[in-house]
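You will see subunit A twice below: alongside subunit B first, and alongside subunit C after that.
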Partner chain A sequence: MGKSKLSIGKGLKNPYVQYLLFGVILLSFPYLTEAGILPAYLLRTYGFVMVYAIAALGLNLLLGYSGLASLGTAGFIGFSGYLTISLVHDLSLPYAAAVVVAILVPLALGLVVGFISLRIDGMYLAIATLIVGEIMRTSFVQLTSWTNGASGRGLGYPKLILLGQLNRAQTFSLIAIVLVLMMVVTYNLIRGKTGRALVAMRGSSAAAQAMGINLVRYRLLAFGLATVYAAVAGIMWASYSTRIYPSEWSLGLSLNLLAVVVVGGIKSIWGTVLGSVIIYSSTTIIADLAQKIPNYAAIKSQLSGLPSIFTGVLIIVVIIVYPYGLIYIGRDIKRLYMYLKSLTKKKRGLPTSTDGGRN
Partner chain B sequence: MKTEKKPRSMIERLTKEHPGAFMRLAARISGRKVIQTHTMPENEVLRIDDLSMVFGGLRAVDHLSFTLKKGQIYGLIGPNGAGKTTVFNCITQFYKSSTGRILFRTPQGTVIDLNDVRVDDVIKLGLVRTFQNVELIKDLTILENVLIGSHTEFTTTLFDEIFRTRRNKRQEEALANKAGEILDFLGIGHLKSMYAMALPYGIAKKVEMARTLMSHPSLIILDEPAAGLNDEETLELARTLRTIRDEYHCTILLVEHDMGLVMDVCDEICAISFGKLLAVGSPLQIQKNPVVQEAYLGKADA
Partner chain C sequence: MSAFIQLLFKGLEMGSVYALATLGIMLIFRTSVLTNFAQGVIGMFNAFVVSFLLTRLGWSIWLAVPIGLVTAFLTGVVVDLGIIRPARKVNSLSKQIITMGLVIVIVGITPLFFGKLESDGARVFRFLNAGSIVILGTSIDYNIIFNIALVVVILLALFLFMQKTRWGLAVRATASNSQVARMMGIPTRMITMGAWAIAAMLATLSAVLYAPLFGNLNPGFMTSIQIAAFIACVFGGFQTFFGPVLAAYILGISVNMAGYYGSSFFQLFFGDRISDDFGSQWGTQIVYVLIILFILFKPLGLIGKKIVKKV
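And now, the complex of A and B:
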């Protein structure tokens, strides 16, 4: 009995098992909401939380691992969203084909930004990517024939090759599967040669170069990866929401994704997921609460910045209290627990051994 | 008279090497360049020939020449600011030298001018270095830091990594084992899963040394490997250097202020001051050389 418990515990330590379990939990959401165990709005919220997580995983590769700032994420998400919609509706391409194009075209643009990043660093890079994002957002506003302007444009739930037309719950499941796959891919990348190279590039560019890491190549790779993640998020976003609007792809969204990484956990896959839950839920809750304020219609424009103020304050607080993100609280609690345990043991005069807890 | 200050840009370099626009483009796309081969005596590994490096008006290295023979432990000494680190940076292409050739014999036996090589390609030729201010990656473990040294040994593609193919697993495992062995050899194998943060000097230097050994080097250049070490650690370092030379069949070039170590371990020494050559010779000859003594006058360890 004790042995099986141990092996389950061991299995849970395996990240792949964790991701799989996470996927199973997510896939159960549609059933739980249908059975009335979970409130129905959670399906909508968590659909977007997952989309946030996909984009933020890419941003974490860029910012957390490679130390390269980007404030243009929203533009890329929107770009691939509109691309998917127009490829499917205007060009009547099958969903799968539209997905491929909606990844490759933003990728090319992302690599251009990567080339810009070869010349600039730090804050200037953040500003440059911000400008790229704003150019894209303005284009979405202006190109009304393509984006349908402020009235928005919808894709509808995707129609897949073998599975046919998906409904809302199935689309939720599709996003869940994509997210888990992205988590696995991210994990594979960061634990290997590429992950080490990206971290080395950030930690010491001199050592990286002396050890044969081509900075040009890995910077481009980091930007390329982040763009692919953003593009996938954009496709999922367009697939899940009834309509997308140019106003959604603003700096505010890019900052939210930045907040996901910083608040959740720099260089942490689970941190990114946690951050997505915190940031997406809190900003939507605040926006909802604001609507309950009496006289809301009259002061609406003044309240629209409320969620951003909240995330801004949250970023500052987290950076001061937990500079690497809230996910690391768990690790610290565990350490504290181990420490306290070792203290009590010493008091009782028992020898402290590593497997002392098995009784 | 040449007064080139900044390292040459990629485009500038290619323009010089490939006069035709088409060749330039092809070279740029393929990332390959036609590298001219040179000749030097069979037993030589590195030949610094009339090297100069100018920063603004300052000549940090001034028409310097010296030669390393295969299997030597070679010392480069000089007072603070003499230009030793600058020489290292020129050899490893962190700086593009203003004048001079840096001939290097690759393990395959061809002789090339390192000035034709990109900074991150230098290690692929079997030439690897450490840094005066120990450049470790703080948010990686010691083992991972050492694995960085085998970056160019991996033949896996991005595809292999994303899908964690057998090839990827096999290489990761093999190189991690090799890293473990090297760490054991240096006596810090038990620390390999520690993060390379706030390490004592002695250990940090060993990690950096282990990192250089991952890439099958034929020439290792060490910038002040004994700085910050205590007497006992310095003695151990001397033994380690000899073992590395004998077992890894490396030639070693080192910059060092610890004269005890230099005189003990080096086969030949080059002394420089203000970027200029003072003398080349055996430890005994250098010790007795009046010009060298003068350059070091007032320095306690001369």
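And now, the complex of A and C:
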């Protein structure tokens, strides 16, 4: 009996088992909301939380592992979103084909940004990517015949080859499966040769080069990968929301994704997921709580900022207290527990004789 | 020709707004080693203060703006003492995320104070309401001339302060190497706090100058200025104070020019067929693409000093 318990515990430590379990939990969400155990709005909120997590995973590869900052993520998410919609509706391509094109075209653009990163880095690179993002955003605003301007454009839930037309709950499950797949891919990437090369590059690009790491290849790879994640997030975003608007792909979204990575945990897959949950679902929860304040209707416009005040304060406090991200809080609690345990042991160890006497 | 002169002055006016915001970002970058994302919103918040004094209390703009600058000074001090100083052990990237958190907080706080004002239409008036001067056959508002001149005077005063006074020397020393500066007995904490306060005042002034051009204020009205200021910093090079300010003026003028001439260029080639999509707003993208190309060939900006990195 004891042996089997041990093997379950061991199994849980295997990251693949963890990801699989996480996937199963996510897949149960639609059933739980249908049964009325979870409130229905959670399905909407967490669908988007997963989309953010996908994009943030890519950003974490770039920022956490390779040390390259990007502020253009939102532009790429929007670009692939519009591409998917346009390919499905304007060219009436099947969803799967549209997905492939909507990943490949932004990827080409991402590689161009990768080339920019060969010339500059640090804050210069971040602002150069910001410029790229701004060019894309303003283009979305002005290409009204393509993006339908401020009235937005919608894809509708995707129609897959074997499964046919999906509904909202099934689309949620699709995003969950994609997220878990992306987590597994990320894990494999960072455990392998690529991950080691990226981390070496982050430490010192000169030293990495001296060790025989091809800087051009891996910088392009880092940007290419981040773009693919952003493109996948964009496709999922377009699939899950009724309409997408040019105003969504602003600097604010890129900054929020950056906050997800930093608050959740740099160089941590679970940290990225945790960060997405904190940054994006806290807003909904606070807005929900605010409605319970008496006299809410009268002061509604004044209180509209409460969720963002909460998120902002959270970001600031977490960074000051936990500079490497909240995910490491678990490790610290464990350490504190061990420390306290050792303290009590010592205390217990000394007065054994008196203890024994009392008993 | 008339259109050109008009565009040139409007570009200079926009460039002045960018220049103030840019100089604020540079001051903080050089003293605290972080790019301040909150520069725009700090200006936004204090522009709301000015708007409150103007429209609710009926003050004159000549009184409201100085009071707005005082509140800006206080905002800068509070931000430095309350957030930046406790976070001094945090690495540079995370500090930038902190200023981003600050953006979210200030955007949330603004409706708490000014929600009613915003829904009633918050405005900031121009300094000079009437009158224009004819330059080379083109009529230019006094206000445009005043704004341009005001910013030039402020920039000159700041540069003189930096170059000629003991405090200016202290700021430059902190900017070049804060650790060594502290060892030499320069109160770097005080300097950093002062930099935040002055940067907040510069931000507020740029917001006050930009507000009449924008119309009714909202919490996001300084975003475009913030982005343009960042771009000016990269374009001009982070190593000097002068480069980014020069870049800000170039950016202001070229966005205006490219918007006007670019759209007529598109119309020349494509006619009215696609004029819906290719309006005058494409100036921004044209200029941004050119700036990216420029950075590719000259990564350190207009006036960039090469920093030798020792391995």
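We take it that the second predicted complex is superposed on the first by the 307 of 359 C-alpha atoms of A that agree within 3 Å, B and C clash if a C-alpha of one lies under 4 Å from a C-alpha of the other, contacts with A are read in each partner's own complex, and residues count from 1 in each chain.
Definition applied: a residue touches a chain if its C-beta (ideal position, glycine included) is under 8 Å from a C-beta of that chain, and two chains touch if they have at least 3 such contacts.
Owing to the predicted nature of the structure, the values given are computational and were not obtained by experimental measurement.
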Quiz item: Touch check for A:Ala207: first (subunit B), second (subunit C), both, or neither?
Solution: both
Self-check item: Contacts of A:Ile285 with subunit B and subunit C, given as first, second, both or neither
Solution: neither
Quiz item: In the superposed arrangement, which partner chain does A:Ala150 touch: subunit B (first), subunit C (second), both, or neither?
Solution: neither
Quiz item: Thinking of the overlay built on chain A, is A:Ser304 touched by subunit B (first), by subunit C (second), by both, or by neither?
Solution: second
Exercise. Answer with first, second, both or neither: which of subunit B and subunit C does A:Arg196 touch in the superposed model?
Key: first
Quiz item: If you count the residues of subunit A that each partner touches, which comes out higher, subunit B or subunit C?
Solution: C
Quiz item: Which partner does A:Glu134 contact after superposing on A: first (subunit B), second (subunit C), both, neither?
Solution: second
Quiz item: Do subunit B and subunit C land on any of the same subunit A residues, and which?
Solution: 204, 206-207
Practice problem: Going by the contact rule at the top, pick out the subunit B residues touching subunit A in the complex. | Solution: 92, 94, 118-124, 128-129, 131, 135-140, 144, 147-149, 151-152, 154, 156, 158, 161-164, 168, 172, 211, 215
Exercise. Going by the contact rule at the top, pick out the subunit A residues touching subunit C in the complex.
Key: 63, 69, 115-116, 119-120, 123-124, 126-128, 130-132, 134-135, 138-139, 141-146, 204, 206-207, 250-251, 255, 258-259, 262-263, 301-316, 319-320, 323
Exercise. Report the residues of subunit C in contact with subunit A in the complex, numbered from low to high.
Key: 35, 37, 83, 86-87, 89-91, 93-95, 97-98, 100-112, 115-116, 118-119, 223, 227, 230-231, 233-234, 238, 276-279, 281-282, 284-285, 288-289, 291-292, 295-296, 299, 309, 311
Exercise. Could you pull out which subunit A residues touch subunit B in their complex?
Key: 185, 188-189, 192-194, 196-197, 199-200, 203-204, 206-215, 221, 267
